[in-house]
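What follows is a group of structures, each given as structure tokens.
What follows is a pair of complexes built around chain A, which joins chain B in one and chain C in the other.
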Partner chain A sequence: MDTSTHISEEEKDILQEIMNIAFGKAAADLAEVINIFVVLSVPDIKIIKAVDLPNYIRTEFCEFSNISIVEQNFWGGFKGNALLVFQADAGKELIALLGDSGELTHESEFSDILENETLIEVGNILIGACVGKVAELLQDVVTYSPPRIIFEDHSSVSMPKTLFDPSNSAIILKTVFSFNERNVNGFLFLITSDNSVVWLKKALADFMEKYE
Partner chain B sequence: MINVILIVDDSPVSRKMLKSCIPKDQEYVFHEAGDGLAGLELYRKIQPDVTFMDLTMPVMDGATALDEIIKYDKHALVIVLTADVQVKSLAKVTELGAFLVVRKPPSKESIQDALSKAEEKLR
Partner chain C sequence: MNEFSQIFETVNFGLIILNTELKVTHWNHWMARQSGIDAKQITGAPLFDFFPEINTPRFLRNLNSVLSFGNFSFFSQKLHRFLFPFKPAGSFKSTIFEYMQQSCTMGPIRDDDNQITGVFLIVQDVTELASYEQKLMEMNIKDGLTGVYNRRFFQTRLNEEFQRHKRYGSKLSLIMFDIDFFKKVNDCHGHQCGDAVLQAVASKIASSIRQTDFLVRYGGEEFCCLLPQTGLADALLLAERFRKIIEAQVTTYQQNDVKVTISLGVSAPTIGDSAESLLKRTDEALYQAKNSGRNRVVSMLTGHIEQTGLDNIT
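Take a look at the complex of A and B:
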């Protein structure tokens, strides 16, 4: 095992706590922007090879025929791709939550666009706040690509091939969002190269130094 | 005077971070629990002077544990230490009887300030 890229249990615990803080920030940002309350769950972190990610997603979302993925790239000391995966009807659920705003239309010609825009906006806020807070806590600064949405039939998840470089790792943050008592399952995946994992290990050690 | 401190958080790293922010020159006795239910049971057993409570935890969340602790002891000093910084979450725990809310990550300043306020309240 390559110890320079292997993440220990303790490092995983530190990362989990940092992700927990970051997700709290993401939820607060989302609540502020669209006036909804997000019930947070305890995040679960796994680190797998990026090539195994399509199978992982297929298994986790097997009860849904389709999924929606908001993808955003980020660059800094910590760099990679963030994928926020929802079941395909999450957009409709979120639109329903916003229904009281009086600004939405249910005409069919607009509904697909509205659903996409809602997912992209929610994804952008969650990914930005989450990755941004992780970066801030680890003394890093990141920049982002514009978010884009991908719709997938779960039986043939075919995300960008470049993500599945054998040398890449996928840090999986699994958490369940509950928006105003509507369960919307969302998974966040951060896919990084082994170079970023080396950077991450040092950043985690530096972060904990002030708590020694 | 603060003597016994209970820390309720499912993350061992978070408990370690918090303890490192508490002044070493005071001889506090620490007790730790990994979820809200264990925290509630430990509270009843040890009657701590101050309790630090996380919110997002398995088994029993921190808001429920806080509610139960306040029902059991209306003078309990529970400091909520949380990453859930949504306005509605903070309002909810304040309404439930939290003495203070401190945002994660903890710092020496934020924790010492919270303990000073708790100390004052106990006088």
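Take a look at the complex of A and C:
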């Protein structure tokens, strides 16, 4: 096994397979445990330089006028940032989805807060389920920082600079998710550093050993 | 007591550990102090037996995500206000909040094999922060002198109500009024007296509108009253009532009795209106009321003028 930070085509395939299993489990558990029915597409894996990520995101979402991104750090052997990108009006739909609208106040100031907080809550659950399942398959345990919304306006991208340390690779695991019955969808990105890539390569090798 | 137990007992926030059956296994001193429930009493008991109000879909959703996924869950004060219904501690006993505002975190507890054996809950008292935030928010939308809404808030609100009117066809009307000869009050009795008059007028009108109406200080001595779900006819009646109330009111400032009157313009949206054109027409109605002798109500709907209060020309 080489210790470089280069991920081979084979490793990429393994990762793809792990993601498929993980996200399938995550979706099943979300439905069973929390009653949230979410469809997660087969993830698409790309590896790019982290510095190129803002441009990548901008290009991906150029058709949306506004987006909301829930960001959460996770750390274990597998560590990095998870970004969950929603269309800007997803908050309102999610409030209805969670069915807690009884707590709703209709005053303009508060509904913004409620929308953001709902995005954060749903983001937290989704990211936790997806990252948690991947970690589980790779025999890892991760902890998370509190989630936050990093920017809401497409035109003024202001993501934390440390994310884009030139030495970082961004493993982009893009999955499209949509909630049944609700017109809410979005994208999940996981961004990891080179340190994590070394760990990931070993974990992938260990994972495959079980089947060889 | 080992060192971690000492920290557990002395930290200035609540720490609880529950097993997978949601029975309390640890309850720190802070929790005992705030709840009045001793660790001895609650240990071994299901948390919901003592706090049935916590058993909500949202709490369970988050709890399950911690137990099944090893997630961390965050209950922000902004959304949840609090989890545990405790009285505010210390100097916040008599503040705006009936209950201590809390920010809570929940996460998994694992054994040596990484199996989840329970959850921990951290409860932080954020009442002080929340009350500052509330004060800031109020300053942001209210007028400092009179306590009614400010102009900035009014603009947002007017646009929102206007959109609602357009979308759902709900009624909407607007009253603008202005204290007559207010400059004279300032000149004769001083600006402090003028301020007292402004406060008296604002509070009198504020106490005679519904909770769903918005009274706004629009400018120096000019006010607006936004009336959702109200048609022009009702708005006119209300405006006339405002006029009579203020006419009858006497403000006493340092042994001086000051009487003022108000002029009012009333309007409601018509086809082709925008929020701006509605505001402009209401302002024109007010201008008419001023021009035709003050202490009166003028309504304007597509240029048609109606007046009331003509018997009271000053």
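A few notes on this one:
The criterion applied here is as follows: the second predicted complex is superposed on the first by the 182 of 212 C-alpha atoms of A that agree within 3 Å, B and C clash if a C-alpha of one lies under 4 Å from a C-alpha of the other, contacts with A are read in each partner's own complex, and residues count from 1 in each chain.
Throughout what follows, a residue touches a chain if its C-beta (ideal position, glycine included) is under 8 Å from a C-beta of that chain, and two chains touch if they have at least 3 such contacts.
What you are looking at is a predicted structure, and each value in this text was computed from that prediction instead of being measured.
Within the superposed three-chain model, A:I21 lies in touch with chain B and out of touch with chain C [touch as defined at top].
Contacts of A:Y211 after superposition on the shared chain: chain B is touched, whereas chain C is not. Once the two complexes are laid over each other on the shared chain, residue contacts for A:F37 go to chain B alone; chain C is not touched. After overlaying the two complexes on the shared chain, residue contacts for A:D13 are found with chain B alone; chain C is out of touch. Within chain A, not a single residue is touched by chain B in the first complex and by chain C in the second.
Here chain B touches chain A in the complex through residues 10-14, 16-17, 20-21, 56-58, 82-89, 104-105, going by the rule given at the top. Residues 26, 29, 33-36, 98-100, 103, 108-109, 113-114, 117-118, 120-121, 124-125, 128-129, 132-133, 136, 141-144, 146-147 of chain A touch chain C in their complex.
For chain A in complex with chain B, the residues that touch the partner chain are 10, 13-14, 16-17, 20-25, 27-28, 31-32, 37-38, 40-42, 137, 208, 210-212. Chain contact summary for the complex, chain C toward chain A: residues 57-58, 61-62, 64-65, 67-74, 76, 78-79, 105, 107, 110, 114, 137, 141, 156-157, 160.
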